[in-house]
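Next up: the structures, one after another.
Okay, so subunit A shows up in both of these, paired with subunit B first and subunit C after.
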Partner chain A sequence: MSISTSIWVWMAALLTLMVYSFLYKDNPFYRLAEHIFMGLSLGYTLTILWYNYIIPRVYEPLFLPPHQWSLIFPILLGMMTFGIFSKKYSWLIKYPLAFYVGGYAGLRIPLLLQSWIIRQVEASFLTPDKFTSLMSSINAILIFAGLFATLIYFYFSKKREHGFGAAAQVGIVFIMVAFGAAFGYTVMARISLLIGRMQFLLHDWLGIM
Partner chain B sequence: MRRRLPVIIAFGIGFLMLIQYFIPHPRSEEFYNVIVQQWFIIIFAFMYIFALRSFFMHHITKVKRKKEGYIFSAVAMVSVLFMLLSGLITSRGPFFDSLYNYMIAPLQGTMFSLLAFFIASAAFRAFRARNVQATLLLVTATIVMIGRVPIGDYLWRGMPDLVEWIMTVPSMAAMRGIRIGVGLGAVATAMKIMLGIERSYMGGE
Partner chain C sequence: MLIGLLFFFGQMPITVVATTDSISLKPPTNLRAMDTPNDHGESITLFWDRPLDISNIEGYQIFREAEDESLHLAGYAPVNKTEYLDQLGLRNNVEYQYSMRSINPEGVVSIFSELPPVVTAYPQWFKKNEVNILIMIIIYLGLVVYFVRIARKGKKIFLRRIPGLDALEEAVGRATEMGKPILYVPGIWPMDEIGTIAAMNILKPVSKKVAQYESRIIVPCIDPIVMNVAQQTVKEGFTEAGRPDRYNQDDVFFLTSAQFAYAAGVNGIMVREKPATNLFLGVFFAESLLLAETGNATGAIQIAGTDRVPQLPFFVAACDYCIMGEELYAASAYLSEDPRLISSIKAQDWGKMAILISLFFGSVFSIFGLRFILSWFSAG
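Then we have the complex of A and B:
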């Protein structure tokens, strides 16, 4: 057994224990760790934003030659955000918001259509290359049927009776399998994190493993 | 005009961003790069300052009024400044990296691992096999959990293959269906924003 002498390891270990103290009940140690985490994360994000985005994409193009003076427009647009601090000029925030949200909406439409709809449908279609063996044929048919049934389950504009109702029932079977698999996967991910933390406490900190 | 101009701006820039995707021309790519990688980031940075101001105002008010747990608000504010200053003063040097590796990363890992305990109790309540659907969820989750660890392979050689099949066939079929639904919903919402039907992001008009 060789306990770590690094102040950093001790700090990490104490913070870990402070968070785990929540398993007993909500207490000041947990809340302290929670607020430290919140503050450090925000400070970290700000630093990354500064070095990875503001400096190379704003400061350098604007203040170093060749100057990109056109960047003054988004800066002015961004400064309108501060209008919210005054009751008289609070409406100014609508312009940067409209620019950002509207632009992002337009940007996302073709990407969403491409990756979330067309590619998904394309990959599920029954094409000859999917019927190379008995197993791959069964799988291809199952994927197609499962996708079709899931879509029917989420279609609420038609009364669920006869064949339509039966297809929706098949859909829920597939959905439950998917949710079960997702749940199992999430549990395993959390447990592997827990094992990682335990390993840190027992190996890196206390040195008993 | 105060109400119409933002809607016109949203439509105009949204439309330009939409059509640039279909125009394979260097000018179109340049437009994309300037708007997305510079203009959006600048506006986002200003919004971040606004969010930061809200964060500090909330916590300063708590400290000033000495509300319950105000000491934690002070800790949160000091933590932000400490991390930010250590990043700026050391230019993201070893001290800044250590703060990340020995404080943020362990805290994040521990917070998420905490869920392992609560997920177990939640699973106990949710997985009581009350009907066919709940049983299906329970059985699938159990197979996936066991099949992803060595004991699954030890119990039955075919377990890892079964898990792989569940993930790539029935689970994927349903996930694709859900994804298509989400995609259609997102496209519809984006269209509503562009056309000015959805304006709640501008203050609930």
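Then we have the complex of A and C:
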């Protein structure tokens, strides 16, 4: 057994225990860890923003030769968000927000259509190469039926009556089976995180493992 | 220049390892170079035919030369490949000359292949391989316009009830009765995500209801722009309810931009403020279970909704009501009662029906060898 002599390991171990103390109930130790975590993350983000964005993307191109004066327009647009601090000019914020949301929506819609719809639909067609063996055939038909039923579950503008309602019920069964599998898989991943933390406490900190 | 170099490197034995091997190794034939289509430029695609005898070939060396760029090794392709995408350091509107040669495992190389014509990389304004997406968007927009017109003529478009939304009013009422606030967590993603936009659309009618009930809503945000939008949205909700005086800007605030620090902060709010209702609506990742479990432990009624499918099982397990996937988008239309949004849901439903029909007939035809429906989706 050899307890760590590194101050950083001690700090990390104590903060870990402070956070885990939340499992009992809210307490001053958890609050301290929570506020350190939030404060540090905020400070870290600000530093990253300053050195990775403001300096190389705003200050240097604008104030050092060759000056990129065209950057003034996006900078001005961004600065309009500060209008929120003034009652008189708070309306200014609507312009950068409209630009931001509209621009991203325009950029993302074709991408999402391609990756979330067209590629998925393409992969879902029943083609002869999916019927090479009994198992692959069952698999293909199950996926096809599941897709049909699930899509019907997410049909909003029709009453769930008769066959439509039954298909939606089958759809929710498929969805729940998928959720169960995903839940189990992710819980396993979370357990491995816990094991990692325990390893840190028992090996790196206390040296008993 | 290139011809001279080729003569020097290719016709003369380039390596001293074994000249007979070098002669027996054959270079690829029929080398073709073309600007990569449907891209932003700075890329050239090469095609070639493999030599007849590839038994002793490990791969192919690809050489490139330009006016201000001496002949150099630009890439490598394994022996089974007949295509190579060159994107390294290429510039638009510059003429490039390519050549290739084979190499065996011992490092012996063949003579150079024949020279294809010079080629230039340039960007395309229009991605011809994505015309199907354009057609889908045009049809979808046409449907939206059609249904908006129908809605404006006064015809009611039916939207089925979503259980999680039915519980919303009850949840707000419960918080009011208990004299406790409502916590609204709009996810952890910026405003460029559709899920976050849907969360903001739902926030407005929720705020309106909160104002009508004279209750209090807390909205911690992970992104400054989301915070700005949330402040505007809540303010509008309170104003529409006729209670702008009850709007408190400090209740819609920026917490931190780090994922788990944000989760820790929201958990802290849940255990200290003890909101009676927690609404988790937006884009969530690994923090979803941390938030939902803590909310569950505090005894709050919880309604969650996200379009991130991997997080839905956690919300289903730990929340009272769950709005799943696309229901989140439908919910924003449903609550807002805006004919434009409701029409977009109706148009989406038509799109789903079109996909189901395409899948059914595409599969039937495909089994009989007719792939015209499938190929329409394969383009792009």
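Here is the rule we use: the second predicted complex is superposed on the first by the 206 of 209 C-alpha atoms of A that agree within 3 Å, B and C clash if a C-alpha of one lies under 4 Å from a C-alpha of the other, contacts with A are read in each partner's own complex, and residues count from 1 in each chain.
In the analysis below, contacts are C-beta pairs under 8 Å (C-beta built on N, C-alpha and C of every residue); 3 or more make two chains touch, one makes a residue touch a chain.
Since the structure is predicted, the reported quantities are computational estimates derived from the model, not experimental observations.
Of the two partner chains placed around the shared chain by superposition, subunit C is the only one that A:157 touches, whereas subunit B remains out of contact.
After overlaying the two complexes on the shared chain, residue contacts for A:147 are found with subunit B and with subunit C alike.
Contacts of A:177 after superposition: subunit B is touched, whereas subunit C is not reached.
Once chain A of one complex is fitted onto chain A of the other, the partner contacts of A:42 extend to both subunit B and subunit C.
When the two complexes are overlaid on their common chain A, residue A:196 makes contact with subunit B while staying clear of subunit C. Once chain A of one complex is fitted onto chain A of the other, the partner contacts of A:9 are limited to subunit B, with no touch recorded for subunit C. In the superposition on chain A, contact is made by A:97 with both subunit B and subunit C.
Comparing subunit C and subunit B on the residues of subunit A they touch gives the larger count to B. By the document's definition of touching, of the two partners only subunit C reaches A:122; subunit B does not.
Of the two partner chains placed around the shared chain by superposition, subunit B is the only one that A:51 touches, whereas subunit C remains out of contact.
Within subunit A, the residues touched by subunit B in the first complex and by subunit C in the second are 19, 22, 31, 33-34, 37-38, 40-42, 44, 81, 84, 94, 97, 100-101, 104-105, 108-110, 112-113, 117, 121, 124, 144, 147-148, 151, 154, 175-176, 178-180, 182-183, 186, 190. On subunit C, the positions that touch subunit A within their shared complex are 130, 132-133, 136-137, 157-160, 162, 191-192, 194, 197, 224-225, 228-229, 231-232, 255-258, 260-262, 264-265, 267-268, 271-272, 289, 309-310, 312-314, 316-317, 324-327, 330, 345-346, 348-349, 352-353, 355-356, 358-359, 362-363, 366-367, 369, 373-374, 377-378, 380.
Contact residues of subunit A toward subunit C in the complex are 19, 22, 25-26, 30-31, 33-34, 37-38, 40-42, 44-45, 81, 84, 93-94, 97, 100-101, 104-105, 108-110, 112-114, 117-118, 121-122, 124-128, 144, 147-148, 151-152, 154-160, 175-176, 178-180, 182-183, 186, 190.
Considering their complex, residues 8-9, 11-12, 15-16, 19-20, 22-23, 31-44, 46-47, 49-51, 53-54, 57-58, 61, 68, 70-71, 73-75, 77-79, 81-82, 84-85, 91, 94-113, 115-117, 120-121, 123-124, 139, 142-151, 153-154, 171-188, 190-191, 193-194, 196-197, 200 of subunit A touch subunit B.
Within the complex formed with subunit A, the residues of subunit B that make contact are 2, 5-7, 9-18, 21-22, 34-50, 52-53, 55, 69, 72-73, 75-84, 86-88, 91-92, 96, 98-104, 106-117, 119-120, 123, 133-134, 136-145, 148-149, 165-184, 186-187, 189-191, 193-194, 201-203.
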